[in-house]
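You will see chain A twice below: alongside chain B first, and alongside chain C after that.
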Partner chain A sequence: MDLSLYSGETLGLIGPNGSGKTTLINVVSGLLYADGGSLLFYGSRIDRMSPHRRSHLGINRTFQIPHPFYGLTVRENVDIALLFGRMKKRTDLEQKSEDILKLTGLSELSEHRAGSLNTSQKKMLDLAKALATEPRILLIDELAAGLNSNETEVVAGLLREVKKNVDAMLVVEHVMNFIKKVTEDVVVFDAGKVIFSGRFADAVRDGRVREVYLGTVRSS
Partner chain B sequence: MNFRRFFLSNPKKISTDAALLIVPLAALFILGPMVITNQAIFMELAVYIMLADALNIVYGFTGYLPFGFGVFFAVGAYGTAILITHDAWPVGASIIAGACFAALLSLLFTPMLRLSGAYFAISSMAAFEAVYLIFSNTQLTFLTGGPYGITFTQVYNPNLDYMIAAILAAVSALVVLLISKSTFGIALRAIREDRFAVELSGVSSLRYRTYAWLISSFVSGIAGGLYGWYLGFFYPEAVFSLTDFSVLVIIFVLFGGRGTVYGPVIGTVILFLAYQLLSLYSANLLLIIFGVLLVLLVLFIPNGIEPLFRKIVKTIFPPGGSD
Partner chain C sequence: MSLFIDAFITSTLLAAFFSIAALGLNVVFGVMRIVNLAHGEFIVMGSYLAIALALHYNFNPVLSLAVIVPFFFVVGLLLYFPIVPRLQKSDDPEMGSFILFFGVSFALEGIAVQMFGVNYQSLSYSVFRPLHVSTLGTTIPTAWVVTALVSVAAIVLVYLYMYRTGLGLQTRALMINREEAMANGVSVNRVSAIAFGISIALAASAGAFSSFISYPTTPSIGDTFTLISFAIIIIGALGNPFATVVGAIVFAFAYGYTDIYEPNWSALVPFVILIAVVLARPQGLLGRKAREF
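The block that comes next holds the complex of A and B.
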């Protein structure tokens, strides 16, 4: 597979279950090492770099199943990412942490234990942690899954806001309505291969994409 | 560079906590031997508090349970004894050097930190046995005394040793307090919660676990040196005791509350004194009772009694005012 993400781009990544979307995010964020091939970040290879160093470089992500630090408070969760992430100066720590909590709608819950949040709040905390490391590339793994249409609207708006502060964003999603709201550019995966790359509107008309999603289309 | 992250992020309230730790400990170590006129009991108590705090740093904060953690204690004791016997080093320098040996050994064991859960616990036990077999080997009799033990009574000074041990027990509790309030401590707790996700927050899980491991082994080594000095003579089994200096300490920490500041101290004081009392009546039942206690603790109060203690303190001294 060959995939590039350009500065200023928001790329939607769609594909059926098991097509390798999350695996791709795992490989880029460093939780999995690729068996072969190469991974370049602004021109330099990062294939074997540990996840924390990638985080320092500016690669971060959210998880499909959120991974907050359950025993710590929401604020502590964000503070760790602020302290150990990319931010070098610690002078405006409190302000920063306040801003991120506000943006992700967690201000009211800042002193709650992360374990006590509901799923969509945990997803927001995942996003808040990722943002606190000041990423250049943000990988979003199914942020909208399980949200109602109202929440989906809010989260899509949030991502458009987040986009202003990062160089590029890769959004993995099952909910097509959500993708449409976030970006026009999509890549469709099937079994670890890119089968389509282009505008979302064209993707739904593409024969192979339809085949992957709906099964074989009989030629009449 | 990274050491700046050891500094306090929140120095508030630290003096209250420090006082709450030091005052009762000072009272215990000064008044204790007057009530129960057996200094050795309080000497051991001081040593156990240091061990509990050392274990808490690695097990409590990072969630990694080294079952063979007593190896650093034993190496500290041996390092001290060897330097005094063979090189006639002064006691203080010997104890510090012994603790440095323990820390060096822990560095040698750092590859184990790549393991987790039961694998880590078991590999640390294997490491313990390996080091024990080396120190007790007859081939090394010229250095370690082998199975015949090592004597260094020339520097024997139990009163001075007791005083230093009592002070250092309080210091080790303060070290835990400082860690828990530092950004380093928060990073360790995050590692305990999720050692993969913590990497994405920019924390090198392996590096911070190694720091915790080093500090823990150094404190254990100091405890070992002080204990060895108090004995003046010991067989390998006396310091390489998996039950006495690993399992018991784990029970103390679990009982008190792992990952807390007060828990290990409270747990050690209560259970160690209970242990001494029980041993007067039914020495045979001791390990059975403590074994059952360990199972019950893990099943029913995995967070230990520290939360209960906190509630009691809050009831007696309601928040507000000085708190």
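The block that comes next holds the complex of A and C.
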């Protein structure tokens, strides 16, 4: 496959289960190494770079099922990402973590242990940690899955806000409604291949996309 | 009654020693998910170095720590890089580590035989004056008290490292969730290498005192130390360094009391307790289903 993400772009990535969306995020963020091919970040190859160094460069991601550091408080979780995510000396740690907690709606929970959060709060914390590493590219893995429609609305608004602070964003999602709210540009995956690339509105009319999602469509 | 108090004091001192002996093994397991089966051999190596320093330079074992800690910390770093990252890339690092460090332990035992012979060696109690201290109506060797104090100091230092430094915070993050820690920019190799160095330095420091309070030093006693350390961290909780202290207390009291009342059973009872813990609480006394630190 061949996929480019441009500065200023927010790209939605959709496709059925098992099509390789999360695998792609894992390869870009460094948890998996690709068997072949090349991965370029602003022109330099990063295929074999370890995940923490990619984080230092400015690539970060959220997890489909977030696993924050359970025994630490919400604030400590964010502080770890702030301190080590970009390996910068920080003098404004407190202000930064306050801002991020506020943005993600976690201010009131800052002294709670991460293990005591509910699913949507854990997802917000995961996003907060990713943001704390000040990514240039942010990869979002199914943030809306398992959230109710109100929460989805809030999260979509949040991502539009986040967009202003990052160079580019790749949003993997199952919930079509959510993608629509965040971006118009989508790529559709099936079995590890790009089968469509273009506007969301065109994707839903595309024959192959419909086939992949709904099964074979017989022409009438 | 005095027997009871005797056993209590001995067990308390022994618990402190067992804590420092086993702590490093649990740090390595917690951070790297591997078992260093050569752990006891590093206790033995530390012991030989302390004995040599006492013999040639008249160092008492507390002073010899100034050499032992940095030396074995570096040994740990040097061992880490060629071994551990490779292990971690394998399909089953835990099982791989058993086999690999089993081999390392034989190699170290062989080296010890070549260098120091097979005879028993011990540091003399007389390195500390007065020879004995009396408390609560019992008399105990000063060397035991010093051993316990050094052990407590070492545990406090490790605690401060883990809970008061940036590297310690990264270490805890890595112990809780490896992938998440990497995604948050924690440098796995740097943090792990330091943890491995600390582990080996702790083991060797315990060795500086082991010939006073536990067994005289021979190349083959390393296996016994590994076994005891492993039992202690399983009783406490695998992967939680400070649960080691709880495991050590249980083990030491089981050993200490049996040793005074029924000496023939003293090698057996602590391990019966180990089996009971494994059956009743496989995650260890302080273990949780989800690890929290």
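Structure notes:
Throughout what follows, the second predicted complex is superposed on the first by the 217 of 220 C-alpha atoms of A that agree within 3 Å, B and C clash if a C-alpha of one lies under 4 Å from a C-alpha of the other, contacts with A are read in each partner's own complex, and residues count from 1 in each chain.
Note that in this section contacts are C-beta pairs under 8 Å (C-beta built on N, C-alpha and C of every residue); 3 or more make two chains touch, one makes a residue touch a chain.
Here the structure is a predicted model, which means the values were calculated and not measured.
Bringing the complexes onto one copy of chain A puts chain B in a clash with chain C. Residue contacts after overlaying the shared chain place A:198 against neither chain B nor chain C.
By the document's definition of touching, neither partner reaches A:105: not chain B, not chain C. Once both structures are placed on chain A, chain A residues 29-31, 50-52, 55-56, 60-61, 63, 67-72, 76, 79-81, 83-86, 129-130, 132-133 are touched by chain B and, in the other complex, by chain C. Partner chain C is touched in their complex by these residues of chain A: 29-31, 50-52, 55-56, 60-61, 63, 67-72, 76, 79-81, 83-87, 113, 115, 129-130, 132-133.
Of all residues in chain C, only 166, 169-170, 172-173, 176-177, 179-189, 290-293 touch chain A in the complex they form.
Within the complex formed with chain A, the chain B residues making contact are 5, 9, 183, 186-187, 189-190, 192-194, 196-205. Put simply, chain A touches chain B in their complex at residues 29-31, 50-53, 55-56, 60-61, 63, 67-72, 76-77, 79-81, 83-86, 129-130, 132-133.
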